[in-house]
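Chains: A, B, C, D, E and F, in written order; residue numbering restarts at 1 for each.
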C-alpha cells in the first residue's frame, strides 16, 4: 500500500510490524479535529486496509500530545449546514440535504466497523465529540491516563448523530451511565472509562498506550486470519440480532470457514509447539 | 401547572428550580406502596410534564424516611385479580381481564420512559418490587446509602410483569447478575447497585440523594432542550434496534433537529464564554 | 429419574437436596473434554430435567480437580470434519454437512438455555473453549478462585460457533472486553471474570463453588416454581426482543401464570411468617 | 352503551343485532371529512366497544350517499400545522410539535387495529386520503360498486402519514401496485380494489354493502368470542413478527385461551347439531 | 429408506421416481384426521427425508377419496387437554402443560418447513383445520377441483395455533382475505384458493393433482440439489427478515454454495444441450 | 448531467421530458447481458440521478428488440469465481473472496432501491436471471406482451443471490407462486406476471411499454418531489419493519417534510384549479 498508493493527506499510515497497520490522524496543530475531507479520506483508508492481504489488525491513534481528537472542527461546521435554513429553501428541502450529509458522514465512520480486520483505538488527551463516535465503531479501546472524554454534542445544541448514541450503549452495556454522560456532556477520565468498560486498559503515557495497542494488534495478527475475521464479523452480527439468528448465521458462516487449512495447521502447530503460519487473507 | 391544575392526590409536584420538576410519592405512612389509582395519576403527571414547556428535567422520589416504595400494596392486590379465577368465569376469560389490567398497569409505568424530558430517580430505604419496575423506566438512578433493593416478585409467587424483567437487563447490561437477583429476590444494597451499574451514584443521606438529583436535573435543564430531548429519544430507540436502524433513525431525526437556533446560540455562547439561553420546547 | 432411567454414561446426575439436581461431567481423566456422544447425552439429560416435576433448579459442574472442561476433544475434532474437504465431495456439499453438524451441536448446548428450570454452572480449573459456550447458555455462573478461562477457538483456527460469540456479549453486556478475549484467546482468571460480570461469585475452592451453587439452587427451589420458571422465560425472551415486545409477551404469559394458587399461598405464608409449599410443576 | 353513555357527536353508534355494533360517521354534508375532534371521538368509541362485553364485532361506515369519507378536512388542515413554521419558532421546535400531533393522530386511527373485536369497514362513494388510512387499520373491507378510492396525499404535497404507507402493503401484499397508487394518487374503482385484494367483496349499492357487512359481523359474533378475539390478535401479531416468534406467542396465548368452556360447548353443540351460546367477553 | 427402515404406521412412503419421495397419510377411514402419534411420526419421516441423499423433492397427500385431512381428530382432542383444567391443578400449571403440548405439536408441523428438500402438497376433498396448518408449512400447494378448505378452528372455540395464523398470511400475502376466512371458518373452494394464490394449480381429479405434483417434484429433482436447497432456505429466511438481512445471509450462504461442481456441470450441459447429472446431497 | 458528464459506456441516459430520466442498457447485440463493469456503471448512474435536482422519476429499459436482459453474461461468469476454488487457495479463503464479490454486486443492484426517485422498469423479450434481480429492486414494473420471464439461476446450479430471493416475495406478496418459479426456473409470460402482480401493466409492444412508463414517470414527476420521495422512502422502510416502527419513523420523517412550501402550493393550486409548480429537490 505504502509504495503503490499516493500518500494520504490527513493520516499517516505505517506498518510497524508484519500484518499490523497503524493509522494516525495527522492534524495535531488543530487538535486532530475533523472536517469533511478527513472523514472521507478515513473511509478510503479503512476500505483499502480491509481488503489488503498484508494487514490483519489495525491501530488507530492521533498525532501530537494534546488530543486524540477534539471532535468536529466547529468553525467548519458553524459555517455550514447546522442551524436554520438559509435563503429560501424550505425546511423540508433543507432536511433532505441534511439527511444526505449525515448519512454520508455516518457511512464514513461505519467503515471502521465494516473493516474486516480488527481495529484498536489508542486514545490520549482530549477525546471529545466525534472522537467518541469514531472509537465506538472500533473493536477495542485503550487509552493514556491523561485522556479526557466527553460526549460533547449537547453542548453545541445537537444530539450526537454519527454513532455515539447508537453504539456507545452497546459497547459498555450500561444505559444508566451512558444516559448521564450523554445528557450532561460532563468530562470523564481514564479510570472511570475503565471502570464502566468503555476502555479495555489504561496506560501511563500516550506512547505506552500506542505501543501496547500495536502489541495487542500483533498478537491478534499472529492468529489465523480466517478465525480472527470470522470472530469480528460474528460478534458484530450478534450484537444486532437475537441469539437464535446469531447461531443460525454462525453455522452458515463457519460451514465455509472451517474448511480452511488453518485448522489443521493450527492444531498441528499446537501439538508440535511450533508457531503456525497462515496464508494471507 | 401548579396554578392551572388541581393539586394531585398521591404525589407532590413542585418546581425546585427553573425548568426542573420534582415529583414525590406522597404516601409515606404506607411506605409509598402503590395501588391502581396511584399509577393512573402518575401517568397523568408524567404525560403533562412531558409537554409542559417550562419543564426540561424531572426528579422522582418518595416521601418519608423509610421507603422510596415498598412496592405493590399487597393488601389491595391480594383482594384482587391474582390467584385462581373466582365465580364461574373460566380461566380464558379471567386471562383476558388480566391481560387488560397488566397492559394498563405497564402503560402507566411506561409513561416515565415515554416522557420527552429526562427523569432522574432518587431512591432511599426500602425500594422493593414495583419500585424497581418504576426506576428502570427512568433515565438515571441515584440512591442513598441506606437503600435496600429487591426484585421481590418471586416471593409473592409471580414473575415481575410491569417492566423489571424487560428493562433491568438493558439498564445494567449484565444478565448473570440480573438473573440471580430476579430468581432469588435477595436484598441488595447501594454499593452493589453502584458496582453493577444499576445506580449512577450513592449519597450518604436521602436528602443528599434528592438534592444531588435536582442539581443533576438542573445541569441537564441548562442545555439545549432540542439536544437533550433528542438524546433521550435516540438512546431509547437504539436500545431496541440494530445499529444500522439506529443510525438511519438518527439521521432522519436530526435532519429536523439541527435546524434549531440552539446550535448557533450554543456555539456563539461557547466562543463568547457566555451561558446560552434557549427557547422553550 | 434415578430409579426409572438407565444411568447416564458421561454424566453423574444426583439430587443433593429436594428439588435440586446436580449434573456432573464425568470424564476427569480427559479433563472433561467433550465429543459428540457427550453433548447428545447432555441434551437428553437437560430435556428430561426440564420436565421432571421433582426438579426446580439445576447445578452443572465437572468431575476432578483439574478442569471444568478443557473444551472440545481436539483429537476427535481433528480427525473429523474440520479442515478441507476430503475425497471428491465439493466444498458446497461439505458445507452442507458441516451446517448440519454445527446446527445439531448448537442445539445440544441450547438445551441448557431452553431448560425450563434455572441452571447454575460451577466452574474450576481449566474452562476453555466449549466450556465457555456451555456456561454462557446457563443462567448463573460461579467459579473457584483457580479457574482459568479462555475463549480458545481462534487458537485452533476457528471462530467459536457453538454459542460463545452470540451469547457471551449478552451475558456480560460489554463488547470491548468480549472482543479482546475472543480475538486474542488470552487466559483470564476468576477475579477478572468477576469484575466484568462474567461470573456472579468466586469461591476459594472447587468444593465451595459447587456447595454454594447447590445452596443457591436450593434457595431458588424454595420459591414458587410458577414464578421462577416464568422469570427465566421472560428474561430470556426480553434479551432478544424490544422492550415493547417484552412487555406484551410478559402480559400474555402472566395472564395465565398469576392464576396460580402459589400467589395466595405465598402471600398468606408471608403474613403468617411460614415457609410456603408449592405444588409440583 | 346506548343508554349509559351520552350520545356521540360525530358518529352514530347503533346495535343492529345482538353482539354487533355499527359505527357511522355522521357528517354527510361535508362528505364525512375528518377534523381533530372527530378522530379523538372515534378513539373513545373504539376503546369503549373494545371492552364492552355485549359487542363481538363492529361495522364501520359513513352516512349519506356521496362519500364514505373524502379524507382530511383540508380547510382545517391548511389553516393549521402544515407548511412552513409561522412566527419565530425554529424548524426543530415546529417539528417537535408536528411529531406530537402526528403521533396522536396515528394513535386514534390505530384504535381500530387495537380494538379487541373485529372491525369490518363498508365503503361507498368517495373514499380518499384518510379514508384509506382508516380502513387499512380494520380487519375486513367491503364496498359498493360506485366506490372511488385514492391515496390522495401526494396531491396535497405530503406522504401519507397516518397509516396508509405502513399498512396498505401488508393488507394487499403487493408492493408494485401499492407504489403505483401511492406515488400517482390515481383514482381506482371497486373492481380493481377487489382484484388486488384490497376489498373482500363488492356489492351493487351502499345499502347492500352495509347490510352484508352487518351480516358478516353477525356471523363472526355467533362464534366463540375467545376464539375470535384470539384469532384477530394472533393474526395482527404475526404480521409484524417472524414465523418462529409468531408460533411462540401463539402457544403462550392459547395456553390460557384453550382453557375456556367454549371449547367443550362448541364441540358438544357441533355433535348435537345445536347452535352454541357463549359467555360474554 | 424403504429397505433399511421399518415401514411407518400412519403414512405410506414411496419413491415414484428417482429422487422423489411421496408421503401419503394413511387413515382414509377416518378422513385422515390426525392424533398425536401421527404428527410425531410425520416429523420422523420428514427429518429422515430431509437428510436422505436419494431424495430431492417430496410430495405429500392423503389416502382415499373423501379428504386430504378433516383436521384434528376431535374425539381424541375433546378427551384431552382442551377446556377447563380438571382435578386440582391450577390454571397456571395447566397452562404450563398446554404450552409444552402446543410447542411439541408446532414443532412436528414445522418439520415440513425445516425439511431441506422442497415439499409439494396435493390436496383433495375435505381439507379442514389442521390440513391448513400442514399445507402452509409446505413450499407449494396444488389441489383437485373438489377440494373444500376451511380454517375450521373458531368453530371449535379456539384460535388456530399450529401454524395457520402465523403462516397463512405470509403464504397468500393478503391480510383481508385471511382475516375473513379465519374469523368465519367459512368453506372455500379450489377456484377461490387459486384466485387468492393459496394454491398454485387446480386439477380436475385427485389423481391428476397427485400426478402433477409428482411431475413438478420430478422437475425440481432434475436441477442441482445445491441450488434447489439453497433456494428453499434463502426464500424461507427472507420471509422473516429485512431485505438487507436477507442479502447479507444470502451472500454468506452462497460463498460456500457456488463453490459446487454443479455450476460448471450445469453451464457445460447447457452449452452442450445435455441433461446434467449432479452428485447427491 | 448530459452536458456536464462524460457519456456512459454501457447505458444511454436521456431526458425524454422535464424531470424524467431514461436509462437504457446499451448492449443489444449481447441481449443486454451483464458483466461486472456494467453493474458498477449502473450504480454510478443511479447514485447520480438520485441527487440530481432536475430528475424526479426514472425509467429503466433495454435496447434492441430481443431482450430486456438475458441475465448474467455466462461466459464472463464461467471463467470467473463460480465453481471449485482454483490453485491452492482453500475453500474458506475462496469463500471470503466470493462474499466480497457478491456484496459488491448486490450493492450495485440495491442502488436502484436506494435511489431517492421512483424507478419504473419497462421490460420486453427475454428477461431472465439478473433481469429479475434488477427489476425487483425497482418501484414499478411494466412490460410488453412478448416478455418471457425466468428466475433462471437454478438452471446454472446456483440460488439467485443478487436480490431475487429476497425481494421477489415482498414484491408480489405470494410465497407459493414465488417458490414454484424459483425452484423450477420455468418461463412465464406477461399475462401470468400481471395476474400475480409482478408487473403493474402489460402493453402490446415494447415501444408502448416504454412510452407508457415515461408517461407514468411524467405523472409522478408532476407531483411535489418532497411528497413523492417521502412516499418511496416510507414504503420501503415499512416493508422491513413492524407497523408500529413504520408509524414512528413516518412521524419523525414527516415532522420535517410537511414543513415544505409544497403543501400550501398544492392546496392553493387545487382550489384554484391550477397546475402547481414545485421547487427542485
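Keep this in mind: contacts are C-beta pairs under 8 Å (C-beta built on N, C-alpha and C of every residue); 3 or more make two chains touch, one makes a residue touch a chain.
It should be emphasised that the depicted structure is a prediction, and the values quoted were computed from it without experimental measurement.
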Discussion item. Going by the touch criterion stated earlier, list every chain that contacts chain D and also contacts chain F.
Written reply: A, B, C, E
Worksheet item: Where the contacts of chain C and chain E overlap, which chains show up?
Response: A, B, D, F
Worksheet item: Can you tell me the C-alpha superposition angle of chain B onto chain C, nearest 5°?
Response: 120
Practice prompt. Give, as an integer number of Å, the spacing between the C-alpha centres of chain B and chain A.
Written response: 33
Worksheet entry | CA centroid of chain A to CA centroid of chain F, Å | 34
Worksheet, complete the sentence: Between the Cα centroids of chain B and chain F the separation in whole angstrom comes to 47
Practice prompt. Specify, in ascending order, the residues of chain B that touch 2 or more different other chains.
Written response: 84-85, 90-91, 94-96, 170, 172-174, 226, 239, 241, 244, 252-253, 255-262
Worksheet item: Which of the residues in chain D come into contact with chain E in the complex?
Response: 118, 139-141, 170-174, 197-200, 216, 219-220, 223-224, 226-228, 230-235, 238-239, 242-244, 246-248, 250-267, 270, 278
Response to the item:
Contacts from chain B onto chain F in the complex sit at residues 241, 245, 249, 252-253, 255-256, 259
Worksheet item: Which part of chain E faces chain C closely enough to touch in the complex?
Response: 51, 89-93, 95-96, 100, 226, 229, 256-262, 279, 281
Response to the item:
In the complex, the residues of chain F that touch chain E are 74, 77-78, 81-85, 91, 94-96, 98-99, 102-103, 106, 110, 113, 153-161, 163, 165-167, 169-170, 172-180, 182-186, 196, 239-241
Worksheet item: Can you name the residues of chain A that touch chain D in the complex?
Response: 84-85, 90-91, 94-95, 244
